[in-house]
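To keep things clear, I will list the structure first and then write my remarks on it.
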Amino acid sequence: MLDKIGIAKRIAKEIKDGYYVNLGIGIPTLVANYIPKGMNVVLQSENGLLGMGPFPFEGEEDPDLINAGKQTITTVPGSAFFDSAMSFGMIRSRKVDLTILGAMEVAENGDIANWKIPGKMVKGMGGAMDLVASAKNIIVAMQHVNKANESKLLTKCSLPLTGVKCVKKIVTELAVLDVTSQGFKLLERAPGISVEQIKNATEGKLIIEGDIPEMQIE
Amino acid sequence: MNKVVKNAEEAIKDIQDNAVLMLGGFGLCGIPENTIAALVKKGVKGLTCISNNAGVDDFGIGLMLKTKQVKKMIASYVGENAEFERQLLSGELEVELIPQGTLATRCLAAGYGMPAIFTPAGVGTEVAEGKETRKFIVDGTEKEFLMEMAFDADFAIVKAWKGDPQGNLVFRETARNFNPMMAMAGKITIAEVEELVPLGALDPDHIHTPGIYVHRIFKGEKYEKRIEQRTVRKK
Amino acid sequence: MLDKIGIAKRIAKEIKDGYYVNLGIGIPTLVANYIPKGMNVVLQSENGLLGMGPFPFEGEEDPDLINAGKQTITTVPGSAFFDSAMSFGMIRSRKVDLTILGAMEVAENGDIANWKIPGKMVKGMGGAMDLVASAKNIIVAMQHVNKANESKLLTKCSLPLTGVKCVKKIVTELAVLDVTSQGFKLLERAPGISVEQIKNATEGKLIIEGDIPEMQIE
Amino acid sequence: MNKVVKNAEEAIKDIQDNAVLMLGGFGLCGIPENTIAALVKKGVKGLTCISNNAGVDDFGIGLMLKTKQVKKMIASYVGENAEFERQLLSGELEVELIPQGTLATRCLAAGYGMPAIFTPAGVGTEVAEGKETRKFIVDGTEKEFLMEMAFDADFAIVKAWKGDPQGNLVFRETARNFNPMMAMAGKITIAEVEELVPLGALDPDHIHTPGIYVHRIFKGEKYEKRIEQRTVRKK
């Protein structure tokens, strides 16, 4: 079973040289740490930055320089600032190659729910609805099951949707899956996890074809 | 054309109860601190605030929530704010949550004189309820969009890094965020700046908001610039 | 009868302190020379400039710095450059206080035709359709009659329209007129011109109430 | 991410006959001189050119008209060009004239992923023929707008003052004009620049076109920067 860092490391392998990538809050943010050295990738932060760098050194925090998670950050050479209209303009016009974000639920048709639990305090969708509605390629980093051991990869989402038919790939603590027109297609098992365990943890339609290899995350 | 006013109090002198305000900033970054303080001091009530966030309990728009000056909040992400939650759950505060890009683009639409825009954000979700949808062919594929209306705000209140007496504005780093669009979108736009520079001191090639969009400008007395999530690495 | 400079001088009197003004090609361009000293007026050029200054001194022409008429110009302190989308954005959102442009024909309902003569080479509308569709206040600088002595202030435009019901005021070689819901309202006569002459030169409905004063153009 | 190509020839290597091109510039100001020269040399034909103007007889897009490479011109203002007139009147050249603000905003729409925009420009004129109109309330008054579609261009060709290897662009004075919007609107965007500077040399606060929109960049060999209307005053 993968921990958060394992999930982040596995997702990092999906990033290609020359990609512009938007990383959501949580596990997706960690992905930045595992992009292979020498690969040219530009991170977009939807509050208005291309070319996000690592956290600042202690004492060098700049209150004017934050990411979409409101964390203090730095920039890399070649970065550019812009306003929120242009930021979501480039998102809507599909200039961002890959969007990585978290989810509470994903359905077998690619629907995603990650912003609202009815009856609980609602914090808002932020930029998530814009991102999932427009992204060319969406990878979701999520837990396969909730704390009650119920599947979060469903036939149909039970929570209010963030976007419809948009998720392309899912990386969980148990597996890597593609979202296809037929359902969740199992691609890889986490180290030490059996196909049977993944079957039991997946409520939505799961497609298993041939031998399912174990992930290579290092 | 001198648009300089003395301070925040003078800048907001005609903001009345029940006004619709846009407030720039993302989280606590690039927010009009001085004008918010003046609004709290003035005590205008029944405000509708359009802003990406609602501040924290004791800073930003949170200060106006504490004094119950806000009737309605239009935002993309709230929370980080216990008083907000209390007012929302008790029904004292009305909240409309909209996607962040929709918020930005509805401001742009107002500033660019476009009555409505089309966006795919929220299609198939509860955000789409009651809204007109329309299909267009994009890159050879039919795709559904929501029609979203331009905002209509009485005042836009923005914070810039530098400004000149004609209202030309320059923003710094990610403190730019919603400020330029909101500056364009207000019927009356009030800009507070860290540095008020003489006419001609700003490079005309590098002005983010041309003065034609700005009605009043003043130098903020002080800036706390509070950090919401201090994340660092060791040297 | 006014010459072009006279028309420009008379129009300059319509400009108020604090105005943002867009000047069209031809006579409107001349208006800039007669804005009273000490009045703060910012000239917008729709190719992307606020704060247009006079022509450059000989030898100081900058090919990157032109107005909407493609003439070399200068800037004044406080100027700002922007792209064409923002330029027409501020025009559409009615931030420009006054638009002054030429016309081939104006109708008594405020329709204007100034871009196309069927059968002749058509050069295009440029920014004129955007300007007349959005401007808060439009003053037209034009000749009252054409070379064949036919009126250009008409019941209805005969040429293809540039915009509908948009012109607010007209300054010609003969007169100053407001466009009202009842028709052309005569406000002032040019020096030496009689009301009768203006009547004869105006095809559209002309409203004459009381004494019509002579223009003061200096 | 190095987007630098050697020269204009390399930048246009995959532009084929019948391509739809956007070309930046206003009059002869801010036009991609080097790329136009390369297109003439390459001799691609049947082009649709979206550009505010069509150049003059022996400069700018006029050079591609002379060689009959242009099938269709979408512009707001043409003329100043005898060969253009000849081809238009003889029916060799198709011309679609649209308002300048509509041209700019249809580019913006493409770059901002908005399939259509609303503008009042052209309402009640022949520009409105065959187009959908729609009324909206603006400042309390009903007003009619045309729905205009985002452009769909294969290539955008722009000229900037400075650029870096990632494609970040900075424009100078009124040579900015349509270039930033077109840069955002092309499926493939080619930028030629007067100065190609190292990564990090441009101030991130003052980049007009972020590199994400630019696919290829090169330093133009030389710039004639012809002046169309030389107007001066005596010292």
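To keep things simple, chains are lettered A, B, C and D as they appear, and every chain counts its residues starting from 1.
In this section, a contact is a pair of C-beta atoms (placed from the backbone, for glycine too) under 8 Å apart; a residue touches a chain by one contact, two chains touch by 3 or more.
The shown structure was predicted, so the numbers you read here are calculated from the model rather than taken from an experiment.
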Give me the chains shared as neighbours by subunit C and subunit D. B
Which of B-C and A-B has more C-beta contact pairs: A-B
From subunit A, which chain is the farthest off, judged by mean CA positions? C
Would you mind pulling out the distance in Å between where the CA atoms of subunit A average out and where those of subunit C do? 56
Distance between subunit A and subunit B based on Cα centroids, please, to the nearest Å. 28
Distance in whole angstrom between the CA centres of subunit A and subunit D is 36
Residues of subunit C touching at least two other chains: 75, 81-82, 85, 88-89, 91-92, 94, 134
At least two other chains touched by the same residue of subunit D: list those residues. 105, 112-114, 119-120, 171-173, 176, 204-205
If every chain is a node and every touching pair an edge, decide which shape results: line, ring, star, complete or other. other
Just spell out which pairs of chains touch, all of them. A-B, A-D, B-C, B-D, C-D
Would you mind writing out the residues of subunit B in touch with subunit A in their complex? 26-30, 52, 75-80, 85, 88-89, 97-105, 107-108, 119-127, 139, 161, 171-181, 208, 225-235
What part of subunit D is in contact with subunit A in the complex they form? 1-2, 110-114, 164-166, 168, 184, 199-200, 202, 204-205, 207, 210-213
Can you tell me which positions in subunit A touch subunit B when the two form their complex? 45-49, 54-67, 69-73, 81-85, 87-89, 91-92, 94, 111, 121-130, 133-134, 160-164
Going by the contact rule set out above, which residues of subunit D touch subunit B in the complex? 105, 112-120, 136-138, 143, 145, 149, 170-173, 176, 203-206
Given the complex with subunit D, which residues does subunit A contribute to the contact? 18, 20, 40-42, 44, 50-51, 75, 77-82, 85-86, 88-96, 134
